[in-house]
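As written, the chain order gives the labels A, B, C and D, with residue 1 at the start of each chain.
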């Protein structure tokens, strides 16, 4: 199939190679011309504008977007004037499912079929076999399915239903991921503080072979420990890209108790702080009622 | 190797078959004579008492215990008078690591070498390839290693160090397991309350193929949903057998924040309650200050 | 001062009496004509429409709204055509601070000065001395301050600054309230499950006299236990009216870890469920890997 | 009444003055001779040894201990040989209730009546009116009650029942205190991160007058902010002295979900860490699957 691909970041570049590997034709565009040159080496046709991308595709066009969720709308705005009824636009990035429903509804008015696709598996998955959660128009799905079938790992794609259902599923996937990662982290932290002297790479390996908690994340943990046995070079700052927050917000809207996912998110936020105002207040209160000593901040002397 | 096996419950029976399958001789004892008969069908030699079990083994004896942690001490007490210096006693069940350190120390005084082994992988693992975390005497390990090597899945055993380190590792493994399971459960709960209509078996399958959260637990989730699509037949009562609690207690002793593991345990406790006193107090307080309505318990009228 | 009061619910009726008690003139309106008759008995002037309310006030008019946050916009829409530049509209209910900022901005365009006021202290406070957190136009504050001074408890009002700051402060107040109530509830729950036989009314009393946790909430707890020693008549269903959720959502937007407030909210949600899908999934997984028994739901037989 | 007082730390010194103020005779002992001199100025009789303290009291002796829980046993061991049947020993410090039950049982064998007393209200309460939660022998209570009545704030003491019930109640009191403090702290942290510019002293004051969350802790918050408006001089390190941990351990033993108290404890532990291993593991995993950047620890170069 001939596919337009917009977005050649880490994920997009790997996805393009995966598509090419499965004998799809890829017309690729990115703001970064170096990325275009890079993917041309692998056999894609690079184009210098969205208009050129549109021109090189046949109707119904199949356009894959693999861009940050913050620019999806601007890409769609740029695309829309050139699209025809029946064209298929696929957002394979991490957009909020409510945005996807809105985009689906708006594009439907002009006959364009929008699909929301959550893509998991990281960069390696994008290259060698991804995991796709797909929502949107079922007719469009019939057209596009071969692309997903080819580039997914076996059994690694699911058409989940109406618009939004793909990105919703990916959002929840990431929420679960937050919880799993935090559980694994906490386990190793207790090991680290214990009286025992474990080799964490070996621990991760044994836990990944035959145990109840064997998982790809444990596999990755083994790999990480193989490079840095005590993770001494890595700061424990846990950034997040938004899907965990969306999961908790959604849980709040649905009045659903999700303590594990919420706490894993809060501990990420906490990890980005050197000190907290909560802590200052509690320390001050303890000092007030019990005369408990407080640790003073070092004064910066500037004269 | 000739091995004495004490305990033919779900785990012990499967372990016995696994040993037999790898051409070990198994002398087996259990209080339940039916279990003994059962394992004799598979080629084990059943015995009617611990004394007989001892007699049938050659020195240094290798004795596997696969019994509930509450009876480990009484089995050891029964065993000890008949053991000789150099004999190896292996507790492959879920004992508390502090108990294992105590048992190691006590048995060492009489020359008996005690090993604490955490066994993971469930009943199926016990039969076809388990995961072992081993602590205790390194000399004993040299003797016993082949047994573990044969009955473990590939790379599925680790000699972790001094006494207690095996059961400690298994305890933490279970703590992580609690957190992972709760994260998965919360994810499906948000799906269930959402506006979408997912087929959970298919969701579990796609999440188990290529995604970041692919794991044995997700595999099991797929299997569970294949039997009962919405788990309508299962009550959400989450019992626990102790290792999650031990993990949290250990974290408290080590002053380690483990919110994910702790919350997953607390939500298990909560799931066993129909109503809570916390809830009653909060509802009463809201009624006191804001006149918020409280739901009245139905009075049971008995006259 | 002559004040227009819109909303004669539990809070509004008490507030009206408080205003009248301090020799303010009250022109009162509510959709419920019985509430109007009721407050007329206390000396207010009841009116049958918002238009009549407007007519009876002198410029600059001071209009108090004490209505559910869901109807604030519709009341403002009804009011606006009749208002003059310089009039003051006060939302003393529990609106979201972002809504208050929006309303402030919109009303400012037509010269109307909007104030957002968080009111605490429950119905009794509304009657005998409330606690006010005020945001909005500082000029308007100069006009309206006497009303708040008169009807607040001593030191019980604060002009906190720009638009939204009053409702923001009230929102956080309620978030803290959720956490405090949950902490108190948990404490009593542990007492209830302990081996001791406490008289909770007496416990609340002693905790309310001289202890570190003495507080109005503990006072209310004493009162609640005095009526129902074990709260046997109250179900532990913890409803919530939105401000706790807003607090957590705000914390998420500010990337602030608020585990206590979030967990107190989640436990409220949990209290409204008989069973959870999380629980079903965890129970099913335990059954899958360990053969742990699951409790079966009773089948409803309908033929 | 004539009272022997052992322990003249912050709490003991204030308690002694409180007793003297209410015309009790105080025979006081401490390892620190300066503290003895200090209390003699206030009219107590200082003694240089426990034996001398015993000698100066009349039977049945009433002996108050106000010492760290770690030394209670050694004081009791020193006291016991000199005590007579009917003497009353009161532990008014923060001992674990299980220890108090053990001490009660052991002392009962030699006829000595032991009482476990939780004392709240901080140092100021100890001086001017404390809050007491008392467990132990009811006969001894009849003898000792006047001492508690005199030195407590009005309604500020409770005989709660059998041995251990006093210290259990104090433990739970402290657990609630942890939760309340954390809730207050979180509230101020969200204020601090908000777009508004609050004067926290004034916020604490308004919240302490008429609001639902008015409390002694809010009063103390006002005081703390009056001295340091943004708590800039205080580090947010939240130490703990054990009772919160005991509360959570007890909740675990009673299978009681106490998420608020547990999380407030965990956030205290977290506040004492600069970085966490959990964080390192999660950051490493994110790097593994998504190529997310990790922050590198600064290498210390030492040549």
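As a working rule, contacts are C-beta pairs under 8 Å (C-beta built on N, C-alpha and C of every residue); 3 or more make two chains touch, one makes a residue touch a chain.
Values in this document were obtained by computation on a predicted structure and should not be read as measured data.
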{"item": "Shared interface partners, meaning chains that touch chain C and chain D", "value": "A, B"}
{"item": "Reference interface B-D: repeating pair among C-D, A-C or A-B with over half of contacts shared", "value": "A-C"}
{"item": "Homomeric contact chain A-chain C: same or different residue positions, threshold half", "value": "same"}
{"item": "Cα-superposition angle relating the copies chain B and chain A, to nearest 5°", "value": "180"}
{"item": "Chain at maximum distance from chain B, centres defined as averaged CA atoms", "value": "C"}
{"item": "Distance from the mean Cα position of chain B to that of chain A, given in whole angstrom", "value": "33"}
{"item": "Chain A and chain C, separation of their C-alpha mean positions in angstrom", "value": "38"}
{"item": "Distance between chain centroids, defined by C-alpha means - chain B, chain C (Å)", "value": "47"}
{"item": "Per-residue multi-chain contacts in chain A, two or more chains", "value": "121-122, 182, 184, 186, 189, 193, 212, 216-217, 255-259, 263, 266-267, 270, 276, 278, 289"}
{"item": "Chain B to chain D touching residues, read off their complex", "value": "212, 245, 248-249, 252, 255-259, 262-263, 265-267, 269-270, 272-273, 276, 278, 289"}
{"item": "Chain A residues touching chain D - in the complex, by the definition given at the top", "value": "10, 121-124, 181-182, 184-186, 188-189, 192-193, 216-217, 220-221, 223-225, 228, 231-239, 241, 259, 263, 267-268, 270-271, 275-292, 294-297, 299"}
{"item": "Contact set on chain B toward chain A in their complex", "value": "120-122, 125, 129-133, 152-158, 160-162, 164-165, 168-169, 172-180, 182-184, 186-187, 189-191, 193-198, 202-203, 205-218, 247, 250-251, 254-261, 263-264, 266-267"}
